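Structure record follows, encoded as structure tokens.
Order of writing sets the labels: A, B and C. Residues in every chain begin at 1.
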Amino acid sequence: MTSLLEINQLSVKLQSKLILQQLDLNLSAGEILGLVGASGCGKTTLLNAIAGFAKPCAGSIQLDNRLISDSEQFIPAQDRHVGMIFQDYALFPHLSVKQNIAFGISDYSLSEQEARIDSLLALLKLSEHKDKYIHQLSGGQQQRVAIARALAPQPKLLLLDEPFSNIDARLRNELMLEIRQLLKQLNITAIFVTHNKDEVFTFADKMAVMAHGKILQLDSPTAICQQPNSWQVADFLQLGTWLSCELKKNELDTAFGLLTLTDTEYDLVKKKQQSVDGSSQKLVMLIKPQYLEINEDNPANACVEHISVTEQGYHYTLASLSPNDTAKDKVSFYSQQLLTIKEKIALKVNPHPILVYSQ
Amino acid sequence: MLKFALVGLLLVSSFLTSASEEVNVYSYRQPFLVKPLFDQFTEQTGIKVNVVFAKKGMAERLAREGKYSPADVLLTTDISRLVELRDKNLVQIVNSSVLQEAIPAQYHANDNTWFALTTRVRNIYSAKRLGKIDINYEDLADEKYRGRVCTRSGKHSYTVGLIASMISEHGEAYTLDWLKKVKQNLARKPQGNDRGQVQAIHQNLCDISLGNSYYFGKMLKDEKQKVWADAVYINFPNQNNRGAHVNISGVAMAKYAPNKANAKALMEFLVSEPAQALYAQTNMEYPVREGVPVSDLVASWGKFKADDLALEEIAKNRKAALILLDKAKFDL
Amino acid sequence: MIIPVLIMLVDGIDASTQLFGHLWQTVLPSYLKNTILLGVFVVLLSLFFGVSSAVLISQTNILFKQHLRWLLLLPLAMPAYLVAYLYTDLFDYAGPVQRTLREWFNWQSPNDYWFFDIRTLFGAAIMLSLVLYPYIYMLTRGAFEQQDQNLMRASRLLGLNVKQTLFRVALPLARPAIAVSASLVLMETLADFATVQYFSVNTLTTAIYDTWLGYGDMAAANALASVLMLLILFVIVLEQRGRAGLRHQSARPNMQKDLIQLSSIQQLLASIFCWALVILGFALPFALLIAMAIEYSNVEQLTRLLDTGVNSVKVSVIAATVAVIIALVLGLYQRLHGHKFRHVPQQISGFGYAIPGTVLAMAMLSTFGPFDHWLNDVAEFLAWQQPGLILSGTIFAMIFAFVVRFSAIANGTIASGIKQIPQSLDYAPATLGMGLTKTITRVHLPILKPAVFVAWLLVFVESMKELSAVLLLRPFNFETLSSQIYQLISDEMLEQGALGAILIVLFGLLPIILLNRKREH
């Protein structure tokens, strides 16, 4: 597959603060990328840089083999053929549905305009609302109008800025599937920004996790969840809870006991421990609840801090109790057994393929 | 609640009205024109003079205030206003031998409801470049002055008075025709005041203008305006027939004057010799009291023949004059 | 507050049809035509001045933007009657401009050359527009700045450049604000009695004066004033309909945005245009006033100025305070009471602004005169000392007129302040055991302090400038700056009052400077 969007070493400064730092990103034609990251990580700025609203201070952006931004040239937004769906849709309140959709194709001939509008109205099931004004429409309908308007001029790339955040939770999933199907049907390349990682799995082909102006990991959502490449990625995606650990010979020492490592695992952990300057790094292990078990023979090493009820039984937040451990680890744990708050129990970690990161 | 408010209002008012000897004047005349006179009056009698000056709406205000009006003395700059006040029953008869003796019969009402204080002539000013001319009001409509006549608004009481006198002399039809022709002769839309017209003559915008007599004196005494006055002759119109149109400034006592005695005293003071002399000297008007000389400057303009049309006649034709002005679209 | 207006309308009903017929057959059609033409010209010109300067300031990279931004507001501080006088004086045949031209070219009479006549309908329209355009500038610029940035971005992404976006999105969206401000300008124009008189332009206003003072027919005058009121009411209705569309505003004001890049010649022309507005609407007349003041001032004037200045400040302070209190009561009542007609009092009180000062003064006399009589009759009956005309003959009537006329300003400012208080704050104090009175004094009033301040200041300044009501309602020995200046102007002796005029203008500058500083921080 050919690359539609190529971003190289992109840096953007806003009010003398570096928002994007030498960011690289490649996207193939027809792919939908979900961009996640904590707020303030630079997601919106990246969209703005691609759309032409933020001027980069370094790096380049190529769209469909055309250079749209580098240190010398900066193609204005209106000439980039990039479409965008805004979080609040940014529909023109002074125009009707039809006029909103026609807005970007006024240079088409009238018959072409009509045809294009009619097909979009039909595609998005808006035909009966075409003469209404925006404030007469529901949130979902408004979003459809926003999509129709963005698609009308046939953009090469569609940007979606938190498009589902204003949609009622019950309708959201349905709408996402519908729009995904539509984008796929039209073979549209899209980047969509969200702070809700769950949306990515439903909507996107690929996922990019951003932090501090950089993309930490870019891969399919499943690959990222199985092999998060850093502590930040795993933490942001809330793939499990964190347990501090120390390498002792070929074993890993945790508050809930020792874990034996395989040779490859040992090499990996050893490498993580070595920091750039040679000093040893603090290690944490990603622990998922299913690998934890109550071991009644051992002395108590954890204490119940929080209890809630879920479909999988009781969910507990447990704090580690080891005496020399100043930073208490908090882990998630599911059990059918009812414990009381502040109750002390003994936990053990079952052997499993371990994921260790330096913090 | 209302009761308290009432009591409060009455309390406040009780010390508002508890001032000492005073007299309240509603004046159509500019305060700085009459203030020296009032100052002298207060000095002589110890009676304080309160003035409210308004060019417009004084009669209406008086009428609305009715019997509780604080006004004692009413000063106007025009006979029509005085007659209007009397016709609306807003003034009272003042029987004063002092006033009777001081003012010639044609300058006060037969029923002693109003009294003139000074007289003023509606002069015609002409550019010196025209040479000495002999002119009648009727000549303002003459075609030879096409585009060379200047005047203030026709609706101003001084102009209305003159038109009223034209109606008395010639009737409405002639006057309307005359107004239309004068309008055709105007160099510009009626605007500004009497002095502005003389200035326009000085600037060669026009040759002929209407203006009251005392303005000529005032311009001559003003450093900046002297050049304007120097550009014109002051003419007393219609000297070979009925005489120049004369209007008055006058005084009346408000019907419900609360300080009647003081009001009478003020009125009598205004026709006293020193007050009349002051009018003549500082305002350059013609005093009504016989024997009080006009200022030397005014005297230098020569004696003139005044139209002896009864003043009440002018007031009577005032409304007709306004209607003719509208019909001729004089100010438009 | 509506009573005076109602009484005026009722008085107008039994107007003499004869006089009306006469007026209708002679001058009234031209007066009406002039009134409407003046309104149309002033609105068109103010729109041209106001909208284009707002566009240049907020949408382009014009030179001196930071300065022009607030300088363009300065003409608001100039009372229209002052500007009118100064300019007729300047451009008249006898004025310095034409005089100098005649000297240079050795022209002898008006037949030798052509010069525009300022004392025409169009001259009056230009002068009025020069001082009224800031209303449109201010509201339109505000609308641009409030517009949702994303709407502009959406338009850009749909292929429109910045300039096209301005015409197809920004301007249409600013339409309600433009309509509101244009109606303000129209109301000011129709209500202006003093200004058009200098230009010898006869409007409906002239007819009101003529019938009232010339023909002495108060009823017919009231009827004509009612016609004027209807015209203005019509404008208000239009305005309110315009405001109904003002729904779309954004929490994300359009601060950092792409500007239309002007070429250097365009930049130069644009700044010249804006500077010309500032100079013609403010700097030049102000400079003329200062020149007059320097030439003619003396000690006697200064002492007189002190007296009248104190009077002006006194009545304006009282009027501003009363208007603000009323606005607070009405605003909070509307907010805290749930019933259906709660906003009616506030809407009605807004009409006052549209009533010309003279008409209002007439209405005051019609209203308080009888009431005073009744009071005195009661006093007489109770054998108390008669109070005299304590309502219609004191500064009470004047202040009442100010309050009626300027309530709309105070109401608007405070209502928008109240709107910004979150609804939850109405209820939160109750959960903390605070009663309604305490809630208002401890929560709402402190939050509203800035709005109260602004409202007070605006009413204060308007009261300082107000003229017509002062002329008709002032009591004995009571002159304000505006009435004194007006008298001097009517004798063409403004020189003597230049200091007072400067004072009024300086007071008028206060809210502009303060509001501007508030906006910047």
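By our rule, a residue touches a chain if its C-beta (ideal position, glycine included) is under 8 Å from a C-beta of that chain, and two chains touch if they have at least 3 such contacts.
Here's who's who by UniProt: A = ABC transporter ATP-binding protein; B = Extracellular solute-binding protein.
Everything numeric in this text was worked out from a predicted model, so none of it was measured.
Asks: Using mean Cα positions, find the chain sitting nearest the overall protein centre.
Replies: C
Asks: By mean C-alpha coordinates, which chain is most distant from chain B?
Replies: For chain B, the chain whose C-alpha mean is farthest off is A.
Asks: Averaging only over C-alpha atoms, locate the centres of chain A and chain C and give their separation in whole Å.
Replies: Comparing mean C-alpha positions, chain C is 55 Å from chain A.
Asks: Could you put a whole-Å number on the gap between the CA centroids of chain A and chain B?
Replies: The separation of the two C-alpha centroids amounts to 90 Å.
Asks: Please work out the Cα centroid separation of chain B and chain C, and write it as a whole number of Å.
Replies: Each chain's C-alpha centroid was found; their separation is 35 Å.
Asks: Chain C touches which residues of chain B in the complex?
Replies: The touching residues are 6, 9-10, 12-14, 16-17, 24, 30, 50-57, 59-61, 64-70, 84, 88, 153, 155, 160, 187-193, 195-196, 199-200, 202-205, 319, 322-323, 326-327, 329, 331-332.
Asks: State the interface residues of chain A toward chain C in the complex, per the touch definition above.
Replies: That would be residues 51-53, 76-80, 82-84, 86-88, 90-94, 103-104, 107, 135, 149-150, 152-153, 155 of chain A.
Asks: Applying the document's contact rule, which stretches of chain C touch chain B when the two form their complex?
Replies: These residues of chain C touch chain B: 22-23, 26-27, 30, 93-94, 99, 108-110, 117, 119, 200, 202, 206, 209-210, 212-216, 218, 361-362, 365-366, 369, 372-373, 375-376, 378-379, 384-390, 392-394, 471-472, 474-478, 487, 490-492.
Asks: Spell out the residues on chain C that touch chain A in their complex, using ranges where they run on.
Replies: The contact residues of chain C facing chain A are 148, 150-151, 153-161, 168-169, 172-173, 175, 247-248, 258.
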